[in-house]
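The two complexes that follow have subunit A in common; it is paired with subunit B in the first and with subunit C in the second.
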Partner chain A sequence: MKAFSSFLGKEFQESLRTYRALIMIAAFVALGVLSPLLAKMVPDLLNGTDMGGGAILRVPAATALDSWGQFFKNISQLGVLVLVIVDCGITGTELARGTLTNFLAKGLSRSTVIWAKFVAASVVWTLCYVLALLVTWGYTWYFWGNGPLPHAFLAFACLWVFGEFLIALLILGGIIQANIYGALLAAAAVIIVLNLVNIAPQAAKYNPITLAGGTVNLLSGQNSPGDYLPALWICLAAIVAVMAAALAVFDRKQL
Partner chain B sequence: MTDQLRSYLPIIIPLAIIEVGLMVAALIHIFSHKKYRFGNRWVWVVISVLFNLIGPILYFAVGRGETQDDE
Partner chain C sequence: MTDVLRVENLAKSFGKTTVITDISLSVPAGSVFGFIGENGAGKTTTMKMILGLLKPDSGSVLVCGEKVRFGMTKTNRFVGYLPDVPQFYSYMRPQEYLRLCGQIAGMSTQDIARRSTELLEMVGLAKVSKKIGSFSRGMRQRLGVAQALIHSPQLLICDEPTSALDPVGRKEVLDLLHQISADTTVLFSTHVLSDVERICDRAAVLHHGTIVLDGNLADLKARHGSTGLRVEFSHPDDLARFCALIPSGLLADPTDTEITVRTTDPKADLAILHLLAEHDILPVRFEVLAPSVENLFLEAVA
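Up next, the complex of A and B:
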């Protein structure tokens, strides 16, 4: 346990020293501000546009739900992109540089390394996600007032779980290839495959990608929790499976 | 129109501070270092200035050289 906490401390120091934590925080706060801004701007920009033939575009004024819709869209696209860019070197960089060999030679277990990296990245992701959420919450309340948000916890938790899934994938990819490209490839490949699977409408309910972005329909009451729970369970199981694979691969890895 | 513009201020100012702050931080780092993981100084200056938010993030995440050997 002591080995775990000291390696975790080293991970946190490193994410501060390499600016990773700061970039994530700045980016997610910016996304949190951007979401209500876009929601507010779109009707102002589009209203009164001449569509040709005398038709004039009328867009209803923005509501709190538009702001949350933008939040889910921005975080699930730009936010996830930032997460992947920032964390793509999570395991690969140290493997490529060979700096882990020292720790392991001194008796640090390999599973401790993996779990400490997972926990460190998860803490930063959780912090950033909650910050973005609070900022959007504050602005949405300021501009429109927050009405009832049904199943808010589940809606927000879904996207968070998807982020955790990506972190696990980045760890596994980085271990397999021992560089940042392995991690990028693993995350990109899985996102592409999941998007392809989503073409089949029956699969959407079980597809983890549904958790990224689709959950605004929970807040609007259009969908019920039952539409997301299967995907949520599958995603949680996938996180466990990916982490198990990462541990197994890392145990057999020649350093 | 000015009223409408004013209603945007509480939201635009913090956003601008974050974006400009990140850009300035990236530029300071770029000009105080000689080596980058790839690309050269002017490539990173252009990327950081032209692409709000994503440019500085890209620089810090993948373009920044190793801190120890050029500080």
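Up next, the complex of A and C:
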């Protein structure tokens, strides 16, 4: 346990001193600000646009739901991209450079390394996600007032769980290939495959990619929790499976 | 003397390439053991198997009597390891790095503080508070020695600790290893034979995946006898007279007043002294040339 807490502390120190955490925080706060601002500004910018032939574009005034729609869209695209770029080296870089050798040669267990990295990356992701959420919530309240948000916890938790899934994939990819490209490849390949699976409409309910971006429909009351729960459970199971694979692969890895 | 390390019939291949065919060796407590081999001979592979970082195809490794298992690092509590090019977290300071090493090794806060101070003092980094990222290679190597010793291991394994260093850095690291050997058994791999000559009391030569020479360095040298004699005279005429007495095929490396007589005959030194006395030739220096580690190595891998 002491080794775990020490290595976890090292992970946080690394996140701060290499500015990884700061980059994530800055990007997510910016996305948190941007979401309501975009929702607010788009109708103002587009209203009155001459569409040609005398047609004038009329966009209805934005609502709080538009702000949350922008939030899910921004975090699931730009936010996830920032998460992948910042965390793609968490295992691969250490293996490629050999920085773990001194610690493994002192008795640090390989599973401790994996879990400390997962927990540290999860804490930073959670912090950034919550920050972005709070900033968007504040601006949305300021502009439109936050009305009732049905199933808010589930709606926000879905995207967070998808982020956790990506962190697990980045860890596994880095362990397998022992470089950052392995992590990027694993994340990209899985996202592409999940998007391809979503071509079949009946698969969407079970597809973890549904958790990234679509849950604003829960807030609007358009969808019910039952539309997302199967994908959520499958995503949670996938996280467990990917982490188990990362532990098994690392245990067998010759360093 | 008990063995801190015992390697028995170890073999290792990577795909179709066999790196270690079959090696067995033992390192007695208190020794400084030179593990000699050409580049690519398999020294690092052997060391990584000792540390449980690589899985042997067959054979066993015992550290302080406990069997080493691949992936399990329990036996590493007895071992300190200095990789050939130690890698650190560049954003840390040396004190912070040693603290982390101590915590990972399960040491108490007081022990870490005491040991870090001692070791940083010993390796000459006590007053250095800049980040490791700006360290020179020599400083990194010295910090590498400190991190390897933080938990007071019984066996220090160093992988070519001097090969990437300039002469000053090399001397510093060799002096450190010599200093450490007072309380810690040292196994170090190298292809720099003068390093072995300087600090080792035992050595093994790894060649084509097997140990071709192993033992106490003094015994090995004695067993291989002298390689010749170096005789120096005060005047070139004496040298010319001496040369006339010795078969020319045995003579080598002449200068104006010095010459080497190449012979492995153990009685040659006395015979030549008699010859000199008989002919009233007085040498100013008469040296029996002991075999160097280089001679032993070249003979072993020939």
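Rule of thumb we're sticking to: the second predicted complex is superposed on the first by the 255 of 255 C-alpha atoms of A that agree within 3 Å, B and C clash if a C-alpha of one lies under 4 Å from a C-alpha of the other, contacts with A are read in each partner's own complex, and residues count from 1 in each chain.
The rule is simple: a residue touches a chain if its C-beta (ideal position, glycine included) is under 8 Å from a C-beta of that chain, and two chains touch if they have at least 3 such contacts.
All figures in this text were calculated on a predicted structure; none of them were measured in a lab.
By the document's definition of touching, neither partner reaches A:A212: not subunit B, not subunit C. Of the two partner chains, subunit B is the only one touched by A:V33; subunit C is not. Using the contact criterion defined above for the overlaid structures, shared-chain residue A:I85 touches subunit B, although it does not reach subunit C. In the superposition on chain A, A:R17 contacts both subunit B and subunit C. Contacts of A:I239 after superposition on the shared chain: neither subunit B nor subunit C is touched. By the touch criterion defined above, A:L255 lies against subunit C but remains apart from subunit B after alignment on the C-alpha atoms of chain A. Subunit A uses residues 17-18 to touch subunit B in one structure and subunit C in the other. The part of subunit A that touches subunit C in the complex is made up of residues 2-3, 6-7, 9-10, 13-14, 17-18, 97-99, 101-110, 251-252, 254-255.
Across the complex, subunit B is touched by residues 17-20, 23, 26-27, 29-30, 33-34, 36-37, 40-41, 44, 78, 81-82, 85-86, 88-89, 139, 142, 180 of subunit A. Subunit C meets subunit A in the complex at residues 48, 51, 53-55, 71, 73-74, 76-77, 79-81, 83, 85-89, 91-92, 96, 100-101, 103-106, 144, 147-148, 150-151. Those residues of subunit B that touch subunit A in the complex are listed here as 4, 7-8, 10-12, 14-15, 18-19, 21-22, 53-54, 56-58, 60-62, 64, 67.
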